[in-house]
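All remarks here apply to the structure that follows.
The chains carry the letters A, B and C, assigned in the order they are written, with residues numbered from 1 in each.
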Amino acid sequence: MARALRLDPDRLFPADPTTRSIARTLYAGVADLPIALATDAFRPRALFDRFRIDFLATTEGAQDSLDAHHAIHASGWGGRVVTTYRPDGVIDVEHEAFVPAMARFAELTGEDVYGWQGYLAAHRKRRTHFRAAGATATDHGHPTAATANLTPQECEALFARIVGGDWTPADAELFRAQMLTEMAAMSIEDGMVMQIHPGSFRNHNAGLFASHGRDKGADIPTRTDYVRALKPLLDRFGTSTDLSIILFTLDESAYARELAPLAGHYPCLKLGPSWWFHDSPEGMRRFREMTTETAGFYNTVGFNDDTRAFLSIPARHDVARRVDCAFLARLVAEHRIADWEAADLAQELTAGLVRRAYRIDQSTAAARGPKE
Amino acid sequence: MARALRLDPDRLFPADPTTRSIARTLYAGVADLPIALATDAFRPRALFDRFRIDFLATTEGAQDSLDAHHAIHASGWGGRVVTTYRPDGVIDVEHEAFVPAMARFAELTGEDVYGWQGYLAAHRKRRTHFRAAGATATDHGHPTAATANLTPQECEALFARIVGGDWTPADAELFRAQMLTEMAAMSIEDGMVMQIHPGSFRNHNAGLFASHGRDKGADIPTRTDYVRALKPLLDRFGTSTDLSIILFTLDESAYARELAPLAGHYPCLKLGPSWWFHDSPEGMRRFREMTTETAGFYNTVGFNDDTRAFLSIPARHDVARRVDCAFLARLVAEHRIADWEAADLAQELTAGLVRRAYRIDQSTAAARGPKE
Amino acid sequence: MARALRLDPDRLFPADPTTRSIARTLYAGVADLPIALATDAFRPRALFDRFRIDFLATTEGAQDSLDAHHAIHASGWGGRVVTTYRPDGVIDVEHEAFVPAMARFAELTGEDVYGWQGYLAAHRKRRTHFRAAGATATDHGHPTAATANLTPQECEALFARIVGGDWTPADAELFRAQMLTEMAAMSIEDGMVMQIHPGSFRNHNAGLFASHGRDKGADIPTRTDYVRALKPLLDRFGTSTDLSIILFTLDESAYARELAPLAGHYPCLKLGPSWWFHDSPEGMRRFREMTTETAGFYNTVGFNDDTRAFLSIPARHDVARRVDCAFLARLVAEHRIADWEAADLAQELTAGLVRRAYRIDQSTAAARGPKE
């Protein structure tokens, strides 16, 4: 049942006469035509079903409300859309919105977030809240993979400098590092899977940042060390069987050198798929070629895209499946695995691994029924 | 029309009786034979035509005369051979010939090159002179990609230390870094395309350097950072549409991680082809595989070899064309592009991109007529 | 002639009742069956013959006796099993067994190993002893590839700090670095081939190290610089034609960037095969693809596996040969080499290069007769 798109320039751009004028020209002749995007079949929930999405996770900050998730759940719709705990905003003191984020964090939790114990308690409260809304994972996008393992006294002193505004860039990095270890400790308590994706130099374009603010596309990957960076956290929790950490990278040179050996050794580590700039046919192929022989397939987690473009989801998963199957096919053609192994692995790389790695069955967002 | 080679040992090795004696034995019987290299068909300009070279650029230093180029132009020959402005000799204070190069720079320009403003004015004069001789590009071979964006006062103070001989290695590096930014500013004024090719550890072999001097083949690539290194320059000029910088690397790990994302983001950046040690079938293939998905083809500049061996030019371009076409053919075979797109791209990678990237049509060296 | 395996739990696990009890269950029914592993055909020397092993080298420490090797030689068996001089234990002061190793080093050599000259003399004595037992090579597994070229006075002072227990981590690294250069000097004297394989972060797993000690599998590769690291050694001996150094890496990004150019330039450098984590089909393929165009085949040394699993030797060499032949076949299919060149190279990569690189013909362990 087609509806007209309401492309009304006066309504869409009330404050911008230039754009309004351009839009009037552009929309002339199409504004009232019935077009696909305006039909019920192209509404978000219809697409969610048509894409056969089993589980969709957003990320929200520690300081964000989960009202949108609650609204989805309250609507009675059966699609599984859950949140993910992404606390960067109250961990990265170098973020320009750290101060208001902390204020909101205090407000939402009722804890004294400006004291070390209260701050940790606030994280625990919010994690519980996120878990209740279906979350099974946390997400950490730090500049580096640095972790730390400070004494309680050192933590108190560091935190005092952070919230007192009396910190150096080294303090900021050390606090982020220590908080990865604290988050790991809480993950052992509550079973949330940790995702660490370091190595992006954010907001590289100074002019763009000045005019439009952060997160406008000017993020450039940098070399990333994992071996020394993760050691403090691994020294403390590396052999825990309750902890599960999924590592991502923008530095492909780390695949064979650092990440595959680390994931091959530590029971708590798994490798996330090729990410962001490397989320492409050649990039996905290199990921398999450079990690499989040391880490195997079962230390990887299938393909979980991190797109912001809802409409791109089917194509992205389709590419991942084709590239993985092409890799498996080569192994079969070279007699390195049997055809039935490839068939089993294709299923695992597509569905099995990601469901288990993200503990989807533990989500409070119940499935709507049997899935394929 | 064949001529005899004049392989006269007495004339070729007047000061070296041993070599003369060896040469007499070697040349006996061949010295007077007509051989291909001695025929008119193998003279440089005949080969230039036979190779169908459209545009050949040398590099000259800021302190070098362009007499050879003027002689070519004055000869009435129509081949387009132009110079390129390579000012390293008067920028790299760690080069052992910096002092005489500066003296010659002063002499050629009539400027007070030992004062900061005079030094910049001298660069401008020489760039104008190079442009008049057909140059469309500058060339910068620094140890790293470091750039800087100092205040005028800091520049004055730094330059005083450089020309006063009172500099540290850190000063030398900072001065090279600042000069890349100054060169970018001048490129915006005069339209010269900048080429930056960092990352070679020059003259690695101490014994060879002691006995034979620099540039004898002992140059070894090193890890190279671009993301932090280029930021000061990009902070100032990154979004300029008048500036064009072509980046080269000897560190292939930077292709997918740093260079393709940078070129994909900044309008002023393009990627030069696989360079030097990587100017080979496998190296060229890796370049396309690791840059195309993020930077695309149109942020690259085709293949401009940098050989010193005139006779190798056709073979080198032939290899580049075959490797690029093999890459395109794979994309077609995998249904990632259409056959007609590959055909268009083959033409662009071979001729279109390089002509536009190097602004060849803006060269004062006029073309001789229609080319293929 | 089959024999019964003697799987007697009481004898195998005298101190561990739990394991003994499990073993009793497991072995019930098989302990007295004749099985392949218990037959003469599966005894080590029979397998050595069946595997057609031409030359097998172990490594022993400078502080180790060579009694096992002497016993093999004294047995009259003709298999060539030799030792390799691996002095890390008396060079790495950060190793927890450095002090007892030095004591044993003193005892075995009768030298004053706590004085710099005596220490060097002790190395020379042991190297001579190792050579007499058939060794043709030394082996150095340092955290980095750092080398140094200190004055004799600096060496004396550094060594005094090392043996006096008054050293810093920087001293420990500098001493390892200087010792690589000292070992190179001795190799020029006695003809031993040096193997340097840096870049492993040893004993990464703190819990495992605490409970089970070192070398339990928790070794993770790290980024490794060769260009600056090797320069002090190469400044002193790089152009020596008497010295032969075989370089290994765990950092594949160094193949095309650093190692191939270094090996292509310096006569004393060769590249060892893909190592450890990269000793696999994809890893071996990348090694050839990333080193061949710059270093060629003849600056590599064939495949010498470093397995601790005797039974894996044939399969490992078989994989290496298949991967090398697949690479050669591609070069033939792409008309980059001729078929007869591939045939010659296959032979060289399998046998010729490794025999010459390791100077096997100079071993005092005489061959038993004509080999294939």
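Everything that follows uses one rule, which is that a residue touches a chain if its C-beta (ideal position, glycine included) is under 8 Å from a C-beta of that chain, and two chains touch if they have at least 3 such contacts.
Nothing here was measured: the structure is a model prediction, and the numbers come from that model.
Trainee: Taking all residue numbers used at the chain A/chain B interface, answer same if over half belong to both copies and different if under half do.
Mentor: different
Trainee: Which angle of rotation, from 0 to 180°, maps the CA atoms of chain A onto the equivalent atoms of chain C, to the nearest 5?
Mentor: 120
Trainee: For chain A and chain B, let me know how many angstrom lie between their CA-based centres, rounded off.
Mentor: The mean C-alpha positions of chain A and chain B differ by 43 Å.
Trainee: For chain C, jot down the residues that touch at least 2 other chains.
Mentor: 223, 253
Trainee: Which of the residues in chain C come into contact with chain A in the complex?
Mentor: Touching chain A from chain C are residues 201, 204-208, 217-223, 250-253, 277-278, 280-283.
Trainee: Using the touch rule from the top, collect the residues of chain A that touch chain C in their complex.
Mentor: Chain A reaches chain C through residues 223, 225, 227-228, 231, 234-235, 238-239, 253, 256-258, 260-262, 265-266, 289-290, 292-294, 334, 336.
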